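Chain nomenclature is as follows: A, B, C and D, assigned in order of appearance, with residue numbering initiated at 1 for each chain independently.
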């Protein structure tokens, strides 16, 4: 079946999550990815929304992280502190992040371009991103892949990736064992090298070459010898996505 | 436990625990006295120029929009704001009423970025400290606890910390670095709830966001409520009282107080109106036109609702999902 | 009307409390005193129980600080942290304390006699007493008056009074403006001298002499020239106490 | 923010945030799987010799007495306990199962002092640290927050502090002294609730004591519930879920689980039984006789209830007040 780039992103993101765990979910692609994972391979993946909704029936897609759909027939509807503290205790496995810039260590900028006090461009700010990037075990970034977004050095570290490299998170006081896990883009799936903590190409999206990825990355990417191939969305994935998850084409 | 590092942001509102205690002793009454008043009176009495204020939840959801509009209507300026916000903080900035903001996120969620924030920040007129969502909620929690700070494990290692007013110390129990967030006891807080009695005992349905913390972290507290209920009903389910009367200074009856946002279980959000605002906010001139039409030209919340139209409100009611 | 010592204690304690404020209430005498105050001169005095009950209808006397009567038809039924944090923010005006020993500065011992690790006598421990003595604006101690209870130096400071004297509470980090306010005993009503923070005789119970108070106090008490007289319980007080507050003679 | 003073008590259970995080990651499952089991199985599986445990609320009120009795029944020893307690901690000490206690209060309220504590403390066998009620609750709250300590304003200047394991520091924001309480992440917690579903989603009526904090401050958590309800009922009122399933390891159906204490809105306390215990506890021998008769000779909670007698239980039910 044919598919668009957004559907591809959703499918690839959804495949990264394990069952019997939890994911901090923002609106848009992460929510669709988590829903899809629930319906395909992770029936016990639980969506947690940052204002308190936990384990909702996502019959209609939430439009915001605090809206009524984020706790419709939920198992718990608590508060921002409660769910953030659960994350701080180590209970939340996945979280989605994004931004205007990402660097080789997965640090993200969603605050400003230019000088902080009189910026060239002002973005929304951290929101829950810094919390997610600090506290969940594995963050998954979803990014458009070009050299404007993939930069050697971000203008502002809003959300911590591996900071300056190996050991830097622990040195800063962030909980050990946490950090960037995957970056899902319209070109490829990326991960982080165990020893250098630098971004590594894991698999290419259908029709994309290593060369194209390199061209669109503003820093030196680790290219292992065994770069994989992302399977295109399966018919099952597409059908569930279109018929069950987003039948009104709100996001796809 | 030495301070290892300090954020370089100015602390807009330093913790002042002993002064806050004195305030609570002198200004808060435990008497069961009716506090129902109009939003005009409540805002006039309890929000002052230069105040540091906070709003809960956020522009699209259970938000004190009618009270936020009243602040704009009265043009109470030089505000400092604890900003986790969408439309409620946006209109304050758009009206030129905000000097400083402890910011975590200001945007329109699925509708994209806030052009109001962008213009204000890029002009250099708005002074901004950076925080995360949890950090702002935890700063309120520290104030709610009556302590000067709370240790947390976020913001460490980032520029979000550098441009905040937090401090990093070594934990005297574990030897590890922790972030200390200074408490934020607001001058005034505004919260919209499902139900309140005339004294200010409040019930909220569904997620409580950071209402618990903000109510307890406000020297003055204005509540708007969809419905006023009897105190007998409050006494029947005392565990549902998330905000008790002795914290509350004013109770405003405000059906559809969260419009154009939603009120869980009561009414759905007004997408059409939201898109008008998002479109208007793209340019300074049209933003001001929006404020003129929907706030300054409308003397009260009742008249605002008339302008929105009963038909629209009925549709929003019919669209909401039950339990 | 005739009255017993317990009724006298309750009446004198109840007269110490102002309207439109709040009091942390333990079971027994404090509760009866607060109830009486509500019915006589302080209709808007609110009882707060340390496990979360606030503004209950005290139709039947609670038997414990967490029992169902402590939040029967209450205005709020929250949690220990919530009410203790309200006290920490300065919202609770009165609190009742007691113990096995009290010293001239109102410091109280309800922990041990003798060595801490192998005590001669072990008492229950602080419970909420230290919290109350630290956080409320005015503590009212209720004590049996003899030289075994009123001692020059307590074996163990469980609950802070004025500690070593003027400025000591502030120096220790306790909130300014708080501290012991009254001591109600079977012999007298006592307060604390503004400048020395030492216990002062305020008023004698009916039939009690200054000499008797001195004899039964194990330290030097400040005896001002204008010692007052505690009025015996009025008929109104006794009637309300016996008929409305404790009709089954649970405590009186 | 230097440490100005340290309590001289041994810190029985130091904060271990990173190990706790690892535990939560490895041992807690978010899967919706049935967890209903007998109290025998639950205690056997989740409470181990030498554990640091906590109970909520307290012996006379909504207390996991059936679970506390089961611990005594299985004679799980060398326990360390966070002790705000009446009968639930008393029976553990009486059975000789407790080595160390972080104590705030152990007594029988209107019935007077605990002779069990007195004997154990005066013999020097029980190692005791002192805390206040709020301090113990706040230590659990610190753990619930996932941070190593919480700053508070109690215990300052007293021997309660001297014989604790807290620390006094100077606040880096205000320059004032504050007390730092170390977090207590328990090895195991036991809580009795009104209603739970088979996965462990819990509802409590009336005051919640410190259930919220203790649930979140327990590596392993056993819930006993008066009633098992459907998950549909939980989903209908998600704001009532005070303890969510992913924190819970075992759910035990235990009607009258708080006996001889009360269960607000469900049943009143059994004064006669309480007075038997208070009387028995005066002497070591009669204390052991009580334990023998009511715990060791009774293999399960069901049989305990039979021994109490249906008639008595019905009276307790009939005596309770409604809302």
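Heads up, the rule we're going with is that contacts are C-beta pairs under 8 Å (C-beta built on N, C-alpha and C of every residue); 3 or more make two chains touch, one makes a residue touch a chain.
All figures in this text were calculated on a predicted structure; none of them were measured in a lab.
Any chain that touches chain A and also touches chain B is listed here: D. Judged by contacting C-beta pairs, the busier of the interfaces C-D and B-C is C-D.
Here the spacing of chain C and chain D, counted between their Cα centres, is 28 Å. Averaging C-alpha coordinates per chain places the centre of chain B 39 Å away from that of chain C. Separating the centre of chain A from that of chain C, both taken as means of CA atoms, is a distance of 57 Å. If each chain is reduced to the centroid of its CA atoms, chain B and chain D end up 37 Å from each other. Within chain A, the positions touching two or more other chains are listed as 53, 71, 73, 77-78, 88, 175. The set of chain B residues that touch two or more partner chains comprises 17-18, 145-147, 152-153, 176, 178, 206-208, 236, 238-239, 323.
Interchain contacts give a graph that is no line, ring or star and is not complete, per the touch definition above. If you check each pair of chains against the touch rule, the ones that pass are A-B, A-D, B-C, B-D, C-D. Against chain D, the residues of chain A that register as touching in their complex are 19-22, 44-46, 53-57, 71, 73-78, 85-91, 93, 137, 175-177. Only residues 17-18, 20-25, 28-32, 143-147, 199, 201, 216, 231, 234-236, 238-239, 241, 244-246 of chain D touch chain A when the two sit together in their complex.
Within the complex formed with chain A, the residues of chain B that make contact are 57-58, 60-62, 84, 103-107, 109-110, 113-114, 117-118, 121-124, 127-128, 130-135, 137-138, 141, 152-160, 163, 168, 176-179, 206-213, 262, 264-265, 268-269, 320-321, 323.
By the touch criterion given at the top, residues 27-28, 49-53, 60, 63-73, 77-81, 84, 88, 107, 111-112, 116-131, 134-135, 156-160, 163, 168-169, 171-175 of chain A touch chain B in their complex. By the touch criterion stated above, chain D contacts chain B in their complex at residues 1-3, 11, 14-18, 145-153, 167, 169, 171-174, 176, 178, 180, 182-183, 204-208, 236-239, 323.
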